[in-house]
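Right after this note come the structures.
Next come two complexes, and both contain subunit A; in the first it sits with subunit B, in the second with subunit C.
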Partner chain A sequence: MNNLHTKSKMGGSLRAGCGILLFILLFILIGRLLTPYDHLSQNLAEALESPSRSHWLGTDHYGRDIFTRLIYGGQLTWIIAIFATLIAIVIGTLVGLFTAWWGGWFDLIVMRLVDVALAFPRIFIVLLVIGLGGSSIELLIWLLALFSWMETARIVRAEVSTHKNFAYVKAARASGLGTNRILFRHIFPNIAGPVIVSAILLITNIILVESSLSFLGLGVQPPFASWGTILNEGKIDPLGNWWISVPAGVCILVTVAGFNLIGDGLRDLFDPYRLN
Partner chain B sequence: MANFQGPILDVHNLCVEYSTGSVNLFSRKRKSAVKNISFQIQTGECFAVFGESGCGKSSIINAILAFVPVTKGLIQFENQNLLHLFSSVPRWIRPQIQPVFQDFHQALNPRRQIGSLFKEIRSIYPDRPDSAELLNRVGLHCDVLHAYPHQLSGGQKQRVGLARALSTNPKMLLLDEPVTSQDLSIAAQILGLLKTLQKERKLTFLLVSHNFSILRLLADQVAIMKDGGFLEINTPGQLIANPQHDYTESILKQSGIR
Partner chain C sequence: MLSVFLRRILSLLPTLLIGITLSFIIIHLAPGDPANRFLNPNQTPEMQSSIRERFGLDRSLPVQYGRWLKNVIFHLDFGYSFYSGKSSRAVIAVALKSTAILSFWALVFALIAGISLGILAALKQNRFIDYFCNNLMIFFLSIPGFWLGLMLIGIFSIQLSWLPGAHLQSLYHHQLGPGARFWDLAGHLILPVITLGLPLAATFFKYIRSNMIETLNSDYILAAKARGVNRSKILWKYALKNSLLPIISLLGIVIPALLSGAVIVEVLFALPGVGRTMVTAVYSRDYPVLMAAVTFGFIAVLLCNLLADICYRIVDPRIQHSPGEIS
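This part shows the complex of A and B:
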């Protein structure tokens, strides 16, 4: 009875998360069909208008339509987050697979480097690089990725160390299959669950870090905007011009909540001790 | 190689130690599981290891396959050294020595259909026997090819493991408790199959078991193992008639043999 209850609940959080993200995706992908404005062209005559029938969410200091900017800002936020997460997951998975497989000194040295990387004041380094080198979208993606793969590497390494000693892997080795084949075709499918969960948790984290950087003026640079940049543009008079930053904040919050719900749902789903 | 002379497997002074956690950064706690074991197996022979649970039987098999750290000793297969610098069995020798593992529940990849295992092996060794035929030989229907491991019973998994081991056309099988979860008729069928294979292909076995009555049906030589070492090696008949150690006598008595 208890079981049935928890089971329907976790299906629920998965479904709710998917619903939320689907809604946001529809908004940023086909939302521009709903608005006649351009996200970059300025119209100072209509600057800082509050929400109205012609500008649903009002305009900013340059007279740009906020609703339109949220749509394009969302696209940028998602693109940066997805690419950074993909790169981080690929690096983390490869490092985890090979450190666990080869073990010994290679494992020891690489994992100590991971510890060092984790102990580094990462935000500080990001600030330093961007402060010195200027910000571009590509740089932002690589920085976010390079500072996020370590957790995945640890998870993958732990999983592979367990599977390495299972008889099915020993049998595959004994029959003469190559290392790559065993790692990617035999072991990886068995650990894909935890990797997917860590990807979901990673993407929420990366969205938050990117938004913070953009809010601080170090991420996406105007006139282009991510949700964090828009948040920044509203900070001159947050109470007076609430319509600039509040919707951007809500978008970030809702997206992150959506991913978290999915992460929770998947973690329960992939739990090996779950009763079928 | 067909007319290879001398022992197919020659194990000399084998020692296996496991590290069980570290004392500090530079020294580790070690547990010795196999101590100075030597034996030879002739082509077409069945060599059996008999001993209580935890005495180190599986460790011998894992050492031959280079899955555990060998601290000392020599293992030769047809005069070729199996223990190399990076402690991995040379790739071309691997298909010739095939294991059937004791923990058969883990011996099949849970995410893969049985058929894909055989397909994969045939993709690297194209001249190997047909999977349906192999399954037939171990008494399984070829429907099993489309099943996932969790859809099979323990005994069926064990037989798939045996078929998988045979699929590379090995010269030697390492059998770790090969019939533990079979009912008597199927156990007899598998033992019969192993006997036939032994005759037909001059297949060599290293058989490990804690069940003497199964072991004596196949074994030409039996080693009595205790705490990681061999006490004596003899034919099963001689061991029963004329045990050299008190331990041999008592353990055979416990098994209801004497």
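This part shows the complex of A and C:
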């Protein structure tokens, strides 16, 4: 009975997360049909207007419609987060698979490097590269990815080390399959669960880091905007011009919360050993 | 035991060196020339090169790096700020104090809030309070720290003017008596500490809750119950001890994140810490201060990691003492 109860609760958080993200996705994908404005064109005559019929969420210092900027900002935030996460997951999975499979010195050196990378406050390096060299969206994606693959690599490595000794892998080896085939066709499908969970956690982290960089003025550069950039524009008077600073923050919060809920739900789903 | 620690310290050195070298290369290869700051359009290129010479920027990168490293290792001399002319080491040492105060109290706040709520939720598993805490913590885990800080400043500093929203102390701080100085500092710290600490508290909460649930369901707790050991003793003496252990190893991961978060909180609340010094130095291309900030930041993180490691080994003697061990 108890078990049944928790099962339905898990499904609940998964469903809630999916619902939230679907809503946000709909907003950023088809929201532009709802607005007659362009996200970049300025209209100083209407600067800093509070929400009204014509501007649902008011305007910023240059008279740009906040609602429209939120939609385009959301697209940029999501694109950066998804690409950075994909790159990080691919690197992390490859590193994890091969270190665990080959073992020995290769494993030792690579995992030591992972330790090194994990020990550093990432924002230091990101600050140096972007602050001194300038920012672009591609650079931002690569930097975020390069500082995020390590945790995935550790998780994959731990999983593969266990699976290496399972009968199905031994059987595959005995029947003479090549390393790549065993790793990608046999082991990977079996460890995909933890990889997906780590991808979900990674994307929440990346969204938060990207928006804080943009908030510092180091991420997405004006006139283009991610949600973090919009917050940067609203920081001068956070409550006076609440229509700039509150909706963008809520967007980030809700998106990250959605992913967190999905992550929690999936983890419970994939982890049959968890006691409940 | 001692030799293990010595070996750990030695193994940190290459890590540190890699980080510092990488930072040096990034800083010096980046576009932009610090000398331009002192020039106006009427001055000659000779002027520029003489300024570059004065800063030592005319040499090749390896020479500059060698010279810098030599001064740091043998004289602990990080050079002088290009702009203020102050010793970079002194600038960072002062900034480090603010960052340390901020991070320390944020960590304390996060530990207390995370652990106590985590235990509470675990004990009331699947009841209302558990759901409530769980959802609250997902909220705190998802909230962008800088936005939380922004909202706190807006509400408590601007709207209500209860608490100061910037700086670590009032202008008249040094004219206050010792007691008033403490309250002045505490008032300035409340909002930044909450901003930095809440997401961390949520991380601790999740760990404590799941660990505690797992421990409470384990056989030795069942055995203790069967033997008739009283409930509070089981909870405080048996279960809690084992649930708290992983927190120590979690600290190793949390501390770099704490420092990263501190950068944003310092910028937001205009606190004179390492993060803000770094951001300012990046924009003014103050290479010596930047390098000093990065170096001290790395050392701080590595030392905290080492400390967490040592604590863990002391508390949990089951850990193997093999040098190549990777968890």
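Definition applied: the second predicted complex is superposed on the first by the 272 of 276 C-alpha atoms of A that agree within 3 Å, B and C clash if a C-alpha of one lies under 4 Å from a C-alpha of the other, contacts with A are read in each partner's own complex, and residues count from 1 in each chain.
By our rule, a residue touches a chain if its C-beta (ideal position, glycine included) is under 8 Å from a C-beta of that chain, and two chains touch if they have at least 3 such contacts.
Note that the coordinates shown come from a computational prediction; the quantities given were computed from them, not determined experimentally.
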Partner chain in contact with A:Leu261 - subunit B first, subunit C second, else both or neither: second
Which superposed partner A:Ile236 touches (first subunit B, second subunit C, both, neither): neither
First (subunit B), second (subunit C), both or neither touched by A:Ile109: neither
Touched partner set for A:His186, first subunit B, second subunit C, both or neither: first
Touched partner set for A:Leu29, first subunit B, second subunit C, both or neither: neither
Contacts of A:Ala47 with subunit B and subunit C, given as first, second, both or neither: neither
Touching partner for A:Phe124 - first (subunit B), second (subunit C), both, neither: second
Partner, of subunit C and subunit B, that touches more residues belonging to subunit A: C
Residues of subunit C defined as touching subunit A within the complex: 15, 18-19, 22-23, 26-27, 30-32, 126, 138-139, 141-147, 150-151, 153-155, 158-159, 210, 213-214, 217, 253, 256-257, 259-260, 263-264, 267-268, 275, 278-279, 282-283, 285, 290, 294, 297-298, 301-302, 305, 324, 326
Footprint of subunit C on subunit A - complex, ascending: 2, 5-6, 9, 108, 111-112, 115-116, 118-125, 127-129, 131-134, 204, 208, 211-212, 215-216, 228, 231, 234-235, 237-240, 242, 245-246, 248-249, 252-254, 256-257, 259-261, 264, 274-276
Partner subunit B, residues of subunit A touching it in the complex: 166-168, 170-177, 181, 185-186, 189-190
Residue numbers on subunit B that touch subunit A, as the complex places them: 62, 65, 67, 89, 91-92, 94-95, 97-99, 101-104, 106-112, 120-121, 124-125, 161, 164-165, 167-168
